[in-house]
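Shared chain: chain A. Partners: chain B in the first complex, chain C in the second.
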Partner chain A sequence: MGILQTYPHIFRALESNLGNLYNSEIHRCKQEAMDRLTAMGMPNRKMERWRHTSPLPFYASELNPSFSPLHRKHVGIHDFNRKDEINAHKLVFVNGSYQEHLSKVYTEAQGVTICSMNEALTKHSEHITPHLKEICRNPHDGFNLLNLAFFGDGIFIKIPKDTVLERPIHWIFLAADNARFMINPYHQIHCGANSKVQIIKEYQSLDNSELYVNSHCSTFLDQGAHLEFTMIQNETVNGFHHLNNHIVQQKRDSNFKQTAVSLAGRLLRNQVFVRLQEPGANCAIQGLYYGKGDDHVDNRITVKHLSPDCESHQNFKGLLDDKSTAVFNGRIYVEEDAQRTNAFQSNKNIILSDYATVHSQPQLEIYADDVKCSHGATSGQIDQDALFYLVSRGIPLDQAKAVLNYAFIAEITEKISLPTIREHIQELMREKLNYAWDEELTES
Partner chain B sequence: MTRDEAIIKKHTEDGYKYGFTTDIDQERAEIGLNESTIRFISDKKNEPEWLLDWRLKAYDIWKKMENPDWAHLNIPVIDYQSISYYASSKKKKYKSIDEVDPEILKTYEKLGIPLEEQKMLAGVAVDYVMDSDSVFTTFKEKLSEAGVIFCSISEAVKEYPDLVKKYLGSVVPQRDNYFAALNSAVFSDGSFIYIPKGVRCPMELSTYFRINAENTGQFERTLIIADDKSYVSYLEGCTAPKRDENQLHAAVVELVALEEAEIKYSTVQNWYPGDKDGKGGIYNFVTKRGICEGNRSKISWTQVETGSAITWKYPGCILKGNNSIGEFYSVAVTNNKQQADTGTKMLHLGSNTRSRIVSKGISAGNSSNTYRGQVLIGPNAENAYNFSQCDSMLMTDRCGAHTYPYLDIKNNSAQVEHEATTSKIGEDMMFYCNQRGLSDEEAVNLIVNGFCKEVFNELPMEFAVEAKKLLEVSLEGSVG
Partner chain C sequence: MLEIKNLHANVVSKPILKGLNLNIAPGEVHAIMGPNGTGKSTLASTLAGRNGYEVTKGDIVFEGEDLLDMEPDERARAGVFLAFQYPVEIPGVTTINFMKSAINARRKAEGEAAIKASEFMAEMKKNLELVEINQEFMKRSVNVGFSGGEKKRNEIFQMAMLNPKLCILDETDSGLDIDALRVVSEGVNAMRSKERSFLIITHYQRLLDYIQPDFVHVMYNGKIVKSGDKSLAKKLEDKGYDWIKEANA
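Moving on to the complex of A and B:
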């Protein structure tokens, strides 16, 4: 793999662009990450974790990683908003760099910080460097280190304790200018004790851009904190290639909910790694995916129960059409003394075409005895009896199929608590499934 | 708690019941593995040229392979050059039981299976394998009347070379995996069974494998072929003497079921698991696979695994024929420092193929018990159906129970369901039993037996009794 040899050269060539970060603590972290990456190497398909998802598209030689261009302003973009604009803090990134003129951050309670990573690196670096070092010491794989070495812009959120954010945070990632390169965003979210936040992360493509995103997000939930994180990946065919790494650390009685909605994307790999560190922490990781064409959706969820009395739920549902592939790898790990753990895992798939493929690996790794753990995985087709029932009542076959498919994934969408986002996703789903939604009928 | 501790102490200090050594003169290959070892084995067995070439090819492949490390096992480095690859009793072939070395007879007596009794038992033909050679074969005449061939594989090589040549390595090729390649290069002996067209084998066939000589890895090779519309049920059971040094066992079992044939393969494995600190014990790396070659054929695996320090075993079925059926029933028990990574592979290739997986794992002590199973539905497997159920039971708070299913589905008409639960013996269950006058020990046995019932029901009767007894012995006093 020649690409690995080129990384250090690119890295050295770009170091001088670091500006005022040159020779800082962060610069040294990047250097260490680069050194470790050279020693460790990039993943390949022979590795168990990459058996079903090829990392090769990311190794294309023209995709030289770069530090995200700093403060590059995109002037031509105005009209990317939906008609039903939500009342939220809006942070817009184009091709990986923060666009202040397109974003809107309202003033919130004292101590709330919502800003771009570039800004945070100069103002709040004391919160960032320890975590960079931590990741550098215990990387998941080469992509983790690659992100660290080349990371540029991203998002930084810090919510002080006992604060409930009035507005959700809407974080929009756009691809524009027919771009074709790799970006490595790094994000960090801190939720103080008993705080409550909602975050919506959305990806959109404005043209035929092809962005290769290798992002990393570190999230920290203090005692009693509450975070709901919703991610919508709905791009054009070329759109994005994603490797999303999300590491979540939860303290006592905190609550984390993530919903990943993957509606299109050449290669999507969402990795979530949750550590339930103190008693009473609980998390719910759920997702739905709809694969068409050559789409490849890979969800890898690891929940580590490190402490007693925690609870976790994983629920993923998918529809696979054409030649799409879905991979689900869920893992529940229960440490020796994590007694009275409740952990549940479910992955259900409906295959709509003859060429779609599902790889499902719901895994349990349990070292404590007083636990309630279960996992289930199914793969099948639309229930023929239900289909017959609908058709026999005069509903055309394609509509009947759409109704059943929509009902199948509704279990996931219904759990999204923010109404505007829930409805937006439901509408997207109906559109994808050609479901002729009859408003009047449902209201009567 | 003190009472339980006493029970635990009593059990864990209980030595391995079947640990003893038989002193018999032995002829063994020089320690270490190289081409001349393979030539020596082949020469000793008077093998034809093609088999020697086949072995050498496997050795070439093995040299280029690496020890697999993906299993959830902590495997100590095995020095393949410090093992003797061939050992056999000097005396050969007995016509009557009086000719058999009395030492060997004593061994079997200690195991609770005296030949005399076995002979009288409801028509079970036993093909004893003591270390590497088949020493004694009973009921051979009765079987040959039905046209059934049941002999050692080295005998089959001489007498039925066409059959062996055609099917050897057809299900588990030499390059299948590290241990299969090793076995292909140095396999010593094993059983060969051929059931002709339309024959229902008149009795249950069985073999006892024993590892006896010190430092001898045993490399069994079993080949069972069931021709059109035939049926055979085969039992395999084993115990091994106590050894401090780890012993390696890398067996290969191949099953071929032709049109409308049915093969039932049952195993009770109780090799020496090592002492309570994990010292000693057998390393059991087995490749077992059957192919449902013909339409409407069926292969059923049933296993009860209680022994071995390390178990690495995935009996699988290739469902190639249309309407073929694969089944896998397993009970795996681990105690003390035992490690097991076991499961199955169901490869659905033909249409209307069905498979069923029922796996029960019980972990106690500091052991680690893993289920790892793959269900693959190929693009041409229309209307394939799989149901998997993997339940784990944890007996202490220091053991591990893991489940790694792999579901790979490439056909939209497939119906695949996987379910798993992990639990411990409920206090309410124990209370209920205690209240009705059962001791803790009895209550645990009752509950565990109920947990495994579904699998035991699949075993032939004599085996089911043995398995139940084994389970009780293995788990004696392991509940806190």
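Moving on to the complex of A and C:
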């Protein structure tokens, strides 16, 4: 049986789990998504967007039909690293479902909502249904519809206007119970006018789980809002396969920064789609990646300048070793009346092995005439002159290579504003790269 | 300290060094002069062990050891230092961390403990004063955004930090204004000692007004064709290189 034929069966099993959402508007959205998916079909490799990244592993994985958000998993507080040194709200998910007993959400200013999507579906459905309908009408692709039809949990964040969140939100996504299936988390983030929010999303696998995560996040920034979103993908075993789809809509003078730190993962696709809807909005989408083995890292960024006086930056740097592959597809679209646009894009790669591959593809569509735009993609070897310079001072060759590789991608981390997060990420990178720079001196 | 015997070396399969001989004893300062493209930098790179510089014939013995048998980092730890003609910019690597690591790499190889913070800071301060560099530069990426003169001073600073036995300076004077030239020369002179030797490669006699060499060699077409004392440098300044070229045509 082809996978498209199996999805409706699994869908019916899920429907019977919907409980008090049965027959709700959300249920009807899901049904519509399922119908549309049946008509539209799932992407295949013949499509341009999937030429360099195969969706097939997702089709081979089983959809989790018994996916029930309230199911309490057998993970204790000591089974994972909650990183309490990062002073933050902790939102912990196991195999895609929210775990209240592992999480800690502090009281913030009045009107702040930080909760699971499962809870939000009953308490805040008026904020959710319109967006589900919108996605249903304009789906990105079959994965988008699949996510809508099957999602159960995720996060829901709503920050009222003029609120600066006291603590960042640390969102920890665990794979456990030797899970081997696909999950479809759905998230929504609303940042009210002039609010300020920091979110860190992190993945950990606790055993030999192999999770296929097809996630969707819709983010809304009102006038003057600031959101910094940092994602750390550092699974040691092949715990996660990601298709992350993030859609961001920005109002006047809002500020969005996303950093994707991809240090390991057999299949990672981070898709970001930003709409700069009003003047003065700006965004910085950046990422670093380090591919080893047969890791596959795909960053697919689209920034649409729909209004004048907006600014966007795309900056990605990567190291590719062994047989790893990196794909970068950066699109800048500037609408006709989006005058005085500044749009910049850069993708730089260092290739460390003869078998690693990079596909880097800028796409510019510019219809306004007063536009400052630049793009550049490079991939090359480690800088031999710099390497010799370090070695000629007595630094062993392997150490010199690690230092140069680290310095190359660490540039991206400089722009992460929270020092604890930045240092945490740099520490992870040093570990990954066997970086042993003698910065520490013994005290006298 | 250094004995180079009948050295032949290729760069990209092209013979550049063609039977070069040179002996440097401890404490001596040797200057090598010669027209552009004659192989001076090739000699420096070959001594430092750069990739792509292939020795086809001859020997180099440094402190009784076969230098050609050593990797570039081992040569550096053994006491060979090359001040580059074109110092390299290294974004993201600060000079201070670079120097700590270089010093500790040598200490580690010699089985010593890492340098103490106070000792390192004192050395650094002293050597920064020697080459008149502001301490702020230490926290910046190596050579990034430095002027030509600052880069050359940074080379001498690193040389002073690493305490080498043999200092090779490849056209450290080129592109320096008179002020920087004085600073660089004073740095070198301060480092002169009975144990430490220098090989100073230069195109012009001007540097040798500041650093008095014990020997001056003229290099042409991949070998040393004439050696003398510092009056030879004066003669080259007055007469140029044509008479050398003619005599060796």
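Basically, the second predicted complex is superposed on the first by the 418 of 444 C-alpha atoms of A that agree within 3 Å, B and C clash if a C-alpha of one lies under 4 Å from a C-alpha of the other, contacts with A are read in each partner's own complex, and residues count from 1 in each chain.
Assume a residue touches a chain if its C-beta (ideal position, glycine included) is under 8 Å from a C-beta of that chain, and two chains touch if they have at least 3 such contacts.
Because the structure is predicted, anything quoted here is derived from the model rather than measured.
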| item | value |
| --- | --- |
| Contacts of A:E336 with chain B and chain C, given as first, second, both or neither | first |
| Partner chain(s) touched by A:V403 [first = chain B, second = chain C, both, neither] | second |
| Partner chain in contact with A:V371 - chain B first, chain C second, else both or neither | first |
| First, second, both or neither for A:Q384, with chain B first and chain C second | second |
| Which superposed partner A:S392 touches (first chain B, second chain C, both, neither) | second |
| Touching partner for A:E411 - first (chain B), second (chain C), both, neither | second |
| Partner chain in contact with A:E48 - chain B first, chain C second, else both or neither | first |
| Partner chain(s) touched by A:H359 [first = chain B, second = chain C, both, neither] | first |
| Chain A-facing residues of chain C, complex | 48-51, 71-73, 76-77, 81-82, 84, 87-93, 97-98, 100-102, 104-106, 109, 113-120, 142, 158, 162 |
| Contact footprint of chain B on chain A as seen in their complex | 48, 336-337, 339, 349, 351-381 |
| Chain A-touching residues of chain B, taken from the complex the two chains share | 70, 72, 379, 392, 394-424 |
| Residue ranges of chain A touching chain C (in the complex, touch as defined) | 383-386, 388-397, 399-400, 403-404, 406-408, 410-411, 437-444 |
